[in-house]
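Same chain, two partners: chain A is paired with chain B first, then with chain C.
Moving on, here comes the complex of A and B:
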């Protein structure tokens, strides 16, 4: 007698093998365009930048091999030697500020909308709408709104008697970076709101009901039930915010020009790269490639570390 | 299997991309007809250049000249690549001074000293803008001079009983009168830092002494940190109370709008602003003057700062080098200079060419009589960091009261000392 097991297993194996063969072909053909684009536009430029950064350049003419010479040059030459740490500091502040303001408010909005208020869809759309506008346009519009001479914001403040509040928003070194954080948050607040919203919707209702039956206050429910289950979303948002904040260029350029606003108060690594590459003299290609590699290593390394740390904290 | 697929895919994609990027055969390699491509950064000037080059085409049958403009801000990068290829330009509009050096360094341009005889008739300060720093050869025929002035609204001046000043005291008295009348005297920008060194030259040139001081700086006997230059910053900043309210937040475009809307009486800036101002407000009656010698000035004449805006050079890779050289030889003649001056409303550096426009003629006359250099942009921009970048940063801190004049000068000197070697 043939065991029943064998009868059932054989066809299953065959079909699995067939399925495997088909899917390998399909997977390849689906992945191919993405891999080709990824290779062409990410890997190739990255390798090229690394390679270029090892040489001296005279305009577009490749000169002698200098090894880490370009790296040493950008880290020691005045005023770049001062500007790199300053710009890095601004990126860090920008990231911290964005986490504190944009993502906290985004979570707040997600919690409010989670209660299914009237017009939930409308608000979701409204908050996410600035997403559709290019950061350059957002920057130029806000610089017009905030202009001390023609801007409606200062005009409105003066109209209601708050003359002392009508500041040159983008012209004061102490105000420029906070203004940048707020304008950036205005544009991207829809992102954390939607991600947190989806994560909240995924929390089983029984857990919240059980907590409520045990007499937990809404605050307690939030910190003990919801927040731990939102950690994966927090992780995703933190990594995305980090990458966004360290790659920022367009919005700062529109708000403060390529020099990073008053007294360089908004100078970030992206602007520094732009200035090194496009206003950098003879060896611009070598030095800007070296700077680009430093920025890449920093962003890649920290993103990886952030992802690892946050994944360890996840609750399943 | 998937890996091989992947490899084939990448190769195929690359092949397609490369094929798409491969330069096409322009087809004008042989025969008598020559099409010269002139690259430039002035998209707004295409029609004018077409008219100008028609004059040349008429006199040179078989040669057509085409002006190919690229976006101003991307031009330098595009040109660097274009000059490495025979399908690039035959003749190219070149930036001046320091920005020209990378192209000279890469051997992309033909030296013109022995090729264009008329260059010997150009004044030396003009040719400085088109020279290679290291070899001293001239690589382009200069096509425009920019001068820096205080541009004023004649109607506001007349309404307040003010004339273009002839002494510093007159000028300040005029500023005070305007302030009292509720008009912003000077539409200065602080936010757009690149304008700050321009403002400093306009008000501070007489304090440090202009060309004489430059000579000393170039031979190493004077520095940015020496008293005359440091004081020139203070002279410029002494006009700060006449700048717009909350000037630290006023951008370049805000400042332009303040002036063209009649809310400010003057705009310190380049002669290139005139065309834009007239376009923005055709009712504006414009005048120009230069700041008279300030108290304690090193010179007793009113200096007019100016510099070479750019030049036309020949690509070393051009397939039509002889025809291209003929074209740039023509660009050094009065015929081209006059056509450019009339069509583009620019000051031509070709000796003997008089602009038709009254204000341009006044600007040129002033510059020829008492020329002054734009030191940070023109003469200390051949290395990295450029004095112009350093000055923009330092002046921003200085006018925001985050540093004093001596600190600002020290910042520039420290940066420049890393590469500048005086020539004796």
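Moving on, here comes the complex of A and C:
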């Protein structure tokens, strides 16, 4: 996750001099295929979206140049002027909730595994198993498990006498977002667990032993010795969580449909973009492109800023 | 909070911490580890339980599931699977997904390997810029270009085409693959290449017979990490495919969930079928997955 740093050129060795004289033909034939694919299907569409956003559209007919007109429009005119802040708010809550729940539990599991290496590999595998499942399928699995009448979860709650706890989990506006956070955490917890695990394994044993010999309590050992050394891992996980939480689409679609659940309680920016782009409206192209650019700047800008701050920290 | 730690006389020489502890502490640590084991197994149940419920549900007749949502199958019955595979055309979706995924992974990993090798080993003007361009893709939310992709595909006749999807997926996998392979190449000594060059091998030959075999661990990581998201992707086919006989598993599943909403047993069976290839990948490549997840940590 440290792309720009990857670019540092290693000091030239003697053998390198010969390798430096590669003909332009070879360079082109090795780099061009990747460059063409990447440019045509990733870079060009994003640049085009920016371009589209500067014009008014009538269906698929490109109209006059309006500059930031579309941006002003989507931020001030109902319904988008209400939907955008709501969706953004849900994304933010989703991110905060995920950091608090998924990453804390992930750290807890990593610490448990660090202290009890017995069966470590087995547990790591079990915990990160949901990692590979499509978020859409995860959503469908949980919507079946959580369904009000025939779902196993409510069935089990009733069976042990907790009838009052049996709820339409995905049907209540207040519950939908917390359930989304939990289901999402269930899927991705393996990530923070493995990253924290790798970081814990990198802490010199001597430090921990010295602390133990000095009579430091486990809590104190954690906060004074381990936690400071885990900060780089926290950074990586924060960036990954941020990107994941602001790109979410499939899981919400499976749990709540394209409107984002009851009363739009789970509506997120990704869904909103999809609806704006493909649900008609004569200026749909202009508006959705402007929205795409706002989301793009938000995600790319914040991830870049997060990375910069974290990297500066690491130097100290 | 006091900052002074209780000092215990240090034993002379290098002794493991455990040995220095009084017996009471050791008993407590045993208790601790039993507690930890309990917690670990409890979370294992949370992680694996839902999957188990789906697996068991797929073996039970629908009427039984509706009567008692939790329970063991009364007999071994695969009729849910045959119904999902044939009647619900999961077989079609499955083959489409497999074709699209394999083709795009192969394309992505081969072009990325070539570019990553050139970027890691050769010096040429614009190299740093090109590498930065590829790697910035790690943070770019590519899906926001969906609408332009849609119109571009329309003009190229790639709407409702599996080839379009293959190209799109291959492109979106390039940043991570280049990142992983380039990182790996940097850690590899260049002596073998030099030897091959001195023996007169040209660059193409050198790449195929010397570099590719050396790169295998990195190629495996890139393959696994490209396979899962491609197999799982829902967003692009939702918009870019039209006809049911071209659907990949995820879009197919949305249709399937609409058609078979009341037939839980069949739904569970369909979900299990959709999970099989990833389970296989997971079983074969746990090592590569751990390596990939922690790729950012190695520096």
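FYI, the second predicted complex is superposed on the first by the 270 of 316 C-alpha atoms of A that agree within 3 Å, B and C clash if a C-alpha of one lies under 4 Å from a C-alpha of the other, contacts with A are read in each partner's own complex, and residues count from 1 in each chain.
Note that a residue touches a chain if its C-beta (ideal position, glycine included) is under 8 Å from a C-beta of that chain, and two chains touch if they have at least 3 such contacts.
As the structure is a prediction and not an experimental result, all values here were calculated from the model.
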{"item": "Which superposed partner A:305 touches (first chain B, second chain C, both, neither)", "value": "neither"}
{"item": "First (chain B), second (chain C), both or neither touched by A:150", "value": "both"}
{"item": "Chain B versus chain C as contact partner of A:40, first or second or both or neither", "value": "both"}
{"item": "Touched partner set for A:167, first chain B, second chain C, both or neither", "value": "first"}
{"item": "Chain C versus chain B, contacts on chain A by residue", "value": "C"}
{"item": "Touching partner for A:100 - first (chain B), second (chain C), both, neither", "value": "neither"}
{"item": "Contacts of A:297 with chain B and chain C, given as first, second, both or neither", "value": "neither"}
{"item": "Partner chain(s) touched by A:278 [first = chain B, second = chain C, both, neither]", "value": "both"}
{"item": "Touched partner set for A:27, first chain B, second chain C, both or neither", "value": "both"}
{"item": "Which superposed partner A:213 touches (first chain B, second chain C, both, neither)", "value": "second"}
{"item": "Overlap of chain C and chain B interfaces on chain A (superposed complexes)", "value": "24, 27, 29, 31, 33, 35, 40, 60, 150, 278"}
{"item": "Partner chain A, residues of chain B touching it in the complex", "value": "1-2, 5-6, 9-10, 13-14, 17, 76-77, 80-81, 83-84, 98, 101-103, 105-108, 190-194, 244-251, 254, 257-258, 263, 383-386, 389-390, 392-393, 396-397, 400, 402, 411, 414-415, 418"}
{"item": "Of all residues in chain A, those that touch chain C in their complex", "value": "1-7, 9-10, 13, 15-16, 18-20, 22, 24, 26-27, 29-31, 33-35, 37-38, 40-46, 48-49, 52, 60, 105, 109, 112-113, 115-116, 118-119, 123-137, 140-142, 144-145, 150-152, 154-156, 159, 186, 189-191, 194-195, 198-199, 202, 208-209, 212-216, 220, 232-233, 236, 243, 246-247, 249-250, 253-254, 270, 273-274, 277-278, 285, 288-289, 292-293, 295-296, 299-300, 303-304, 307"}
{"item": "Sites on chain C touched by chain A in the complex", "value": "5-8, 10, 16-17, 20-21, 32-33, 36-37, 39-40, 43-44, 46-48, 50-51, 53-54, 57, 65-66, 68-70, 107, 111-112, 114-115, 117-119, 121-124, 128, 130-149, 151-152, 167-168, 170-172, 174-175, 178-179, 182-183, 186, 190-191, 193-194, 197, 203-204, 207, 228, 231-235, 239, 249-250, 253-254, 257, 264, 267-268, 271, 274-275, 278-279, 281-282, 286, 289-290, 293-294, 296-297, 299"}
{"item": "Touching residues (chain side chain A, partner chain B) in the complex", "value": "24, 27-29, 31-33, 35-36, 39-40, 58-61, 77-80, 143, 146-150, 167-173, 256-257, 259, 261-264, 275, 278-284, 287"}
